[in-house]
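I've put the structures underneath this note.
Same chain, two partners: subunit A is paired with subunit B first, then with subunit C.
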Partner chain A sequence: MISFLSLVLALLAAPLYPGIILKVKAFFAGKKGPPLLIKYYTLLKLLQKGSVYSTSSSFVFTLGPVVSFAAAIFPLCFFPFAGSASLVSFYGDVVLLFYIMGIGRFFTVVAALDTASPFEGMGAAREVFFSTLAELAIFAILILFYRLTGSLSLNDYFHGENIITLAGVSGALIVLVIVALFMVLLTENSRVPVDDPATHLELTMIHEVMILDHSGPDLALIELGAFYKLFFYAAFIIQLIFPFTAPFSILNMLLFFILMALVYVAVGVIESIMARFKMDLVPKFILTSFALVFFAVILTMGVLQ
Partner chain B sequence: MDNMLKITNGQAIARASIPLVPFESFFTSLSTFVKNDGYIVQFFAFTEEDKNFILAVVRNSDLYVISTEVGSIFQSLTGQVSEKFHMFEREVAEQYGLRPDGHPWLKMVRYHPNYTGYPDVFDNDYAEEIPGNYSYFQVKGEAIHEVGVGPVHAGIIEPGHFRFQCAGEEVLHLEIQLGYQHRGIEKMLPTMPMKRMPIICEAIAGDTAIGHNLCLCQAIESLAGMQIEPGASITRCIALELERLANHIGDLGALSGDVAFNPPASYFGRIRGEFLNLLQVLCGNRFGKGLVRPGGVAHIMGEEQRQLLRDKLAEITPEIEHVCDLLFTAHTVLARFEHTGTVSKEMASDLGLVGYAGRACGLAYDARVAFPTECYQDLPANSNKVTDGDVNSRAWVRREEIMHSLQLITMLLAKHEALMEEEKAVQTRPVNLAADSFVVTVNEGWRGEVSHAILTDRQGDVQRYKIKDPSFHNWTGLAMSLRNQGISDFPLCNKSYNLSYCGFDL
Partner chain C sequence: METLFLSLTVLLAAGILPLLGHRLFTLMKACYVALTITGCVIGLYSLCPISQLPSQSTLVVDWLHIFQLQFSLDSLSTFFLIPVFFVCPLAVLYVFHYMNKKAEHARTGVNFFFFNLLIIAMALVVIADNMISFALSWEIMSLASFFLVLHEYEQETTRRAGYIYLLFTQLGALCIFLGMGVGYGYTQSLDFAPLSTLPEGLKLWMFCLVLVGFGSKAGVFPIHIWLPYAHPAAPSNISAIMSGVMIKMGIYGVVRFYGLLDISSPVAGQIVLSFGIVSGVLGVIYALGKQDIKKLLAYSSVENIGVILIGLGVGMIGATQGNTGMAIFGFVGGLLHVLNHSLFKSLLFLGAGTVAKQTGTRQLDQLGGLIKRMPLTGKSFLIGSVSISGLPPFNGFVSEFLIYIGAFQGLVLGGMHCVFAMLAILALALIGGLAAACFTRIVGIVFLGEPRADNSAAAKEAGWTMTFPMVILAASCLIIGVWPEPFVHYAFKGVETLLVQTTLDEVLLLEITQKMALASQVFLGLFVVLLVARKFLYRGKQVQSGPTWGCGFTQPTVRIQYTGTSYAMSIVEFFRPMVRLHTHYAGIKRIFPSQASYETHVDDIAEQTLIERIVEPLLFLLGKLRWIQHGHIQLYIGYIIITILVALLCISEGPREILRGLL
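And then the complex of A and B:
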């Protein structure tokens, strides 16, 4: 029951946080910024609209938003929020959920290619290339976690007595993981310095350009899916930073949602104090995150002892 | 060069004194001139009594004029002499149906039927929708893909079509096709009553309202023998500098926004508004429309306006320095700006780039220094330190010009205050222009060299009006910037030039 409740809470709260990023960016730019609930308003607005489909697109195009949305919700079902048990959990679920996210991406890409727009093909190529590199970092993290816990389940990582945390014995390694995971978060969620979610320049876009042709409820699904994806990665980082070892309580839950805001503030600060990378620098950035985790994995092998 | 006539910027001359030479001599004189660090200011055709003429105004440290009579076909200078003639010859072919023989890439400029009724050089049927139906330069190969952008763009920019030939992320060639906003201004102006001419010239390019209108007014003043008061001259310079400031600051903000570095984008956006508001203080219009009129200015700058200007400048000058520092010291921004969209000095000189685009490549030409009008001969010149030809240089040139312009305005304000005589506001009234005369005016608009030329007929009516916006030179520079660049750097390169679509399309 608690697991279910926390999942519902997470699903409801996810669109709030991107509003925080906008507020932080507005603060740095000396502006008032949009209201905190802007993303809810946007979703509501989009859901009330109709969708427009190009005559040159096929059923694949309509499939894109639905599948990618489902693939974004899916990982959250496996996530033990604030120390509560996961709603669903089994041995090997982490591998599955990262690949389910991969399926979501696959359908976004296929839908983009279906439009036959030269921009979208370009964006698709970039997205696939960069996320392939990010996958390296993610699986290096999973290897490390396996070595630390002997498990391949999110529930075992973050729920119960023996959890992975910064405060644990292998805390030094987790620092590397947190940094790497934050870099992956920026990449996977198309944030500065990898991508610029606010730009209107199609030629520079990575993710945004792939969804240019989607409109109305389709776009709402894509947006909502993006919020969930970002929420998943942010929650992952928070669970690593702060150990929710105590049995589940309302206080823990509250603390979790407050700490979550920190990740989004960090994203907002980064977007305000640095410019985007040149496109050819992005792979180096992503591979750096892999190198960090890989280093941590080597340390667990006991070679240096 | 001996057969060219040296002329002065904004001084009308009798048409009879313009050297009319045989084409061979025209060809060799221009070849020699252009090859020896000479540049083209105007190169246009006109017809008289069923004969076609081409008139060229060229510059090195002085301005020269030369003309020739041609048949419906003439030998292209682009093919044999210099790329500087490229766009001009295409324009001649389009406007008058005269074919430049041996032109390497004879293609339409703005898509309109020619003025003379000669058979179309490009074999177009203008009853059809031609834009988009043109065959573009193509690169062939398995790994090549073509990206077409525009003419309708995201955001609020003007229409223009960009065709990229790419290998992966790398751009091999960019072809720019404009003309979507062709309004036929050159053809319209001679038919207009004088009262409407300044209003039309202010609308040639909305961001260069002062620059273009100044060129028109100086030309009319020269043809009509009008004198303008020193006070009006100072006000015009201040307006021109305010226009430069507003646009340069806006551009720095936009450059910053394009690399997703938000704070300077917002600050500069706000500061740009402050300068537009100062133009409003001068004349009641944020773009300076309705200020400059033949014979002077339509709004006198009084003590109240001077004080408002002084106070505002004192307030925002430190802010501008601060935000410039913020932008130019951010290493992530420099990583994007440096070595992006580089055009070498040789290339820039071959193409004849003007304005900040040229200065960023090391071509120091500034019309305010070379051919000063109004009170620019008494003002200090600017010099640029960063001239590598990349986006960073174009941004730095803007920064230096902003600081220079702020200094100029302060000096101009002091000068204006020291004036003794009473000023009078002028309104456009019909004046008689000198018959059979020719005048060319050159001013340094914020984007670069703006030039207008007027030919009058025997009755003293405008026979041919020729306009040249700096964008006419510089669009090719943008195309060259993109060679072997990442396609994702295009928006940044484009913004670093910030060229005018409507100023080109006329």
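And then the complex of A and C:
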């Protein structure tokens, strides 16, 4: 029951948090900024509109938003929010989840290529390249977690006796993981310094340029999917930072949703104080995250002793 | 067993028919297709009971009075026979509209004959039960496929491809026979069974020799060089079978000999795993660099062979270390990937053949927008691409998932084994990402967007016998992805014959597969629900169409689209030390620039090294011996006599006696 409730809450609250990023950025710029609920308004507006389709595009173009939305919402069903058991879980579900995200990306990319636009092709090429490298970092994290818990499921990572947390025995390793995961979060969700969603030049964008031709409810699906994806990664980080072991699950949940804001504030701060990297620096940035986790894995192995 | 041989006989008859009746072209084709499909259906039927029963049946035939040909069918053979009898009839059906040049009737007839000979030889390789029958079937298979590659023999590139293929396949066979010789030298028997009594060091030698031999057939990096030549040169139905089914015979050889030798050292597994990682990663990077669709698919075969070997390597390490979970998941994943790859790779090759036939070009950057002109081909190709990228809910994911689980279980081992397991996981992750890049590229450039040249703008959908096999293959990719349990079970049965002495438990394997399949089904369901919801969201809304947003540029042409080259460039450059990238740029120099040109190609490092380090020094050395060939026939006869005399003197006592008697 509590798992189901937390999933519904997560699904409802996910569009709220990107508003926080905007607020933080506005604060740094000395502006008032858009209202906190701006993303809900945007979604409502988009859902009421019709769409314009490019004459170059085919049915693949319309599949893009649907598949990417399905791939974004699906992993949340497996996530143990605030330490409560996840709705569904099985041995090996993390591998499935990251591959499900892969199929979402596959269809976003082919939908972008379907428009025959040079800019969208450019964004697609960058997306597949950078996400490949990010995948390497993610699987290194899974290797580390398997060494720590002997499990391959999100539920076992964060729910039950032997949970992975900063406060645990191997907390020092988790620090590395948190940093790496935050870098992956920035990459996979196309935030600064990897990608800049707010730039006004299509040549420099990655994710935003791939969805240039989507409009109306299709665009709403993509946006909502992007919020869920960001929420998934942010929740992952929060679970690592704070062990939700308090006996009251309602309290845990409240705490969880408050702490979640922290990650978004961090994203907002990074976006305010950093510029976007040059494209050739991005692979190095992502590989740094991989190197961090890989180092942590080596520490667990004792091969070098 | 009798039913199986009945099916092979029908196939042989179907193959001989076109040789006799090729003048009645259409009738011959129809009869050939019908008979071959019948033969394959009988073949599939003959496999049915054995998949459930672990019984084994053997057939022994005397041959040339000295040798015995021995064939037997166990569950491992059965598993490898499934792609043979399932994919081949579809490729045969495809031929009906694909080879429709009536002027070439004789050549088509010959092609059909060798095609059926190839099917029969592959079936025989899989059921061969002693060295002599294995060698015989293996050679028939290699030669039949050589003639199939030479179908368009008047083109020089085809002849060259044919010779490269023949060279590699025969060198591979040499290694295999050498390995068998090692076994025979010790056991003094041509049977497979006594091989397990070999001493451990000898086993490893023999395994390495056959691994090189089978690897050259399977297309393991760096002995994969024939694949990117032979596949584009051969007609597409042939490349579909060669890449989808025939190269798996190499994998069968590795698996079978591993099982026969019963190696207890983990080195074998580590070697296989390392080959797998190298082939997997480099295969997909070269695939990204290629312009020719069929070359690209050939390199992608190298990649998938790599994935299969990673699975097998993980399984072998697990088996020798007593980690049964790792052994089961690794082997089952690897074997299932054999089946899966045979489905989606044949689908993709058939699709590529359709594209090449309907547009007249195989160059990526000449194509575009074909999904609107060839909807069935496009949709099946899209499904094949998603499957080969290993994404759920399609079949490629199931096998990769099982290999992942196997490799993760290996992480509990200590020392080097753990490092190998870790490398396997990271390599799979990298391969997965790069494969998605590679196949979004081919789908995106060939089928989506706008046509980049006139011939692809004018393309039309092919005849039904060409699209129907692709639809069937695409459907089977989805079926295995969503209901993998029976297939996993078959693969497990195969593994059971492989590792006879360890007791294996199927429960965990089936449980995890079942849950994973359920999750895939739910995902598929969610997708369908969302499709319906999207329809609902668009109800009563205004939907218009207009040109693509050009970011303010008002005069777009189709030539400003991203090309296959530009799409892959940054990835290929990233892997530069392992990939040789050549760029020729005659750029814009003056105020009134003349014609600018840009050309780039990716060279295969294995091929370059082979040419520079081995072929050229060898040619130089052998050039020094050219004086032996002078054209005087008397001296040639002299050579022969001297050779015979020396040979006679060298070998055993008997001839020496005769020689003494003569003198």
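Note that in this section the second predicted complex is superposed on the first by the 299 of 305 C-alpha atoms of A that agree within 3 Å, B and C clash if a C-alpha of one lies under 4 Å from a C-alpha of the other, contacts with A are read in each partner's own complex, and residues count from 1 in each chain.
The working rule: a residue touches a chain if its C-beta (ideal position, glycine included) is under 8 Å from a C-beta of that chain, and two chains touch if they have at least 3 such contacts.
A quick note: this is a predicted structure, and the numbers were derived from the prediction, not measured.
Q: Name the contact category of A:F28: first (subunit B only), second (subunit C only), both, or neither.
A: first
Q: Thinking of the overlay built on chain A, is A:T204 touched by subunit B (first), by subunit C (second), by both, or by neither?
A: A:T204 sits against subunit B, while subunit C stays out of touch.
Q: According to the stated criteria, A:P118 is in contact with first (subunit B), second (subunit C), both, or neither; which is it?
A: In the superposition, A:P118 contacts both subunit B and subunit C.
Q: Tell me the contact category for A:A275 with respect to subunit B and subunit C: first, second, both or neither.
A: first
Q: First (subunit B), second (subunit C), both or neither: which does A:V109 touch?
A: In the superposed model, A:V109 contacts subunit C only, not subunit B.
Q: Residues of subunit A touched: more by subunit B or subunit C?
A: C
Q: Given the touch rule stated above, what does A:V192 touch, subunit B (first), subunit C (second), both, or neither?
A: A:V192: touches subunit B, not subunit C.
Q: Touching subunit B and also subunit C: which subunit A residues?
A: On subunit A, the residues that contact subunit B in one structure and subunit C in the other are 118-119, 121-122, 202, 279.
Q: Where on subunit A does subunit B make contact in their complex?
A: 25, 28-31, 118-119, 121-122, 192-193, 196, 198-204, 271-281
Q: Report the residues of subunit A in contact with subunit C in the complex, numbered from low to high.
A: Against subunit C, the touching part of subunit A is residues 47, 49-60, 62, 65-67, 69-70, 73-74, 88, 90-93, 95-96, 99-100, 102-103, 105-106, 109-110, 112-122, 124-126, 128-129, 131-133, 135-136, 138-140, 142-143, 146-147, 150, 152, 202, 212-213, 216-218, 221, 279, 283, 297, 301, 303.
Q: Contact residues on subunit C for subunit A in the complex?
A: Where subunit C meets subunit A, its residues are 368-369, 371-372, 378, 382, 386, 389-392, 397, 400-401, 404-405, 408, 411-412, 415-416, 418-419, 422, 425-426, 428-430, 432-434, 436-437, 439-440, 443-445, 448-450, 512, 515-516, 519-520, 522-523, 526-527, 530-531, 534, 537-538, 541-551, 558, 560-562, 566-571, 574.
Q: Using the touch definition from the top, list the residues of subunit B that touch subunit A in their complex.
A: Touching subunit A from subunit B are residues 145-149, 154-155, 169, 256, 258-263, 265-267, 270, 330, 332-333, 335-336, 340, 486-492.
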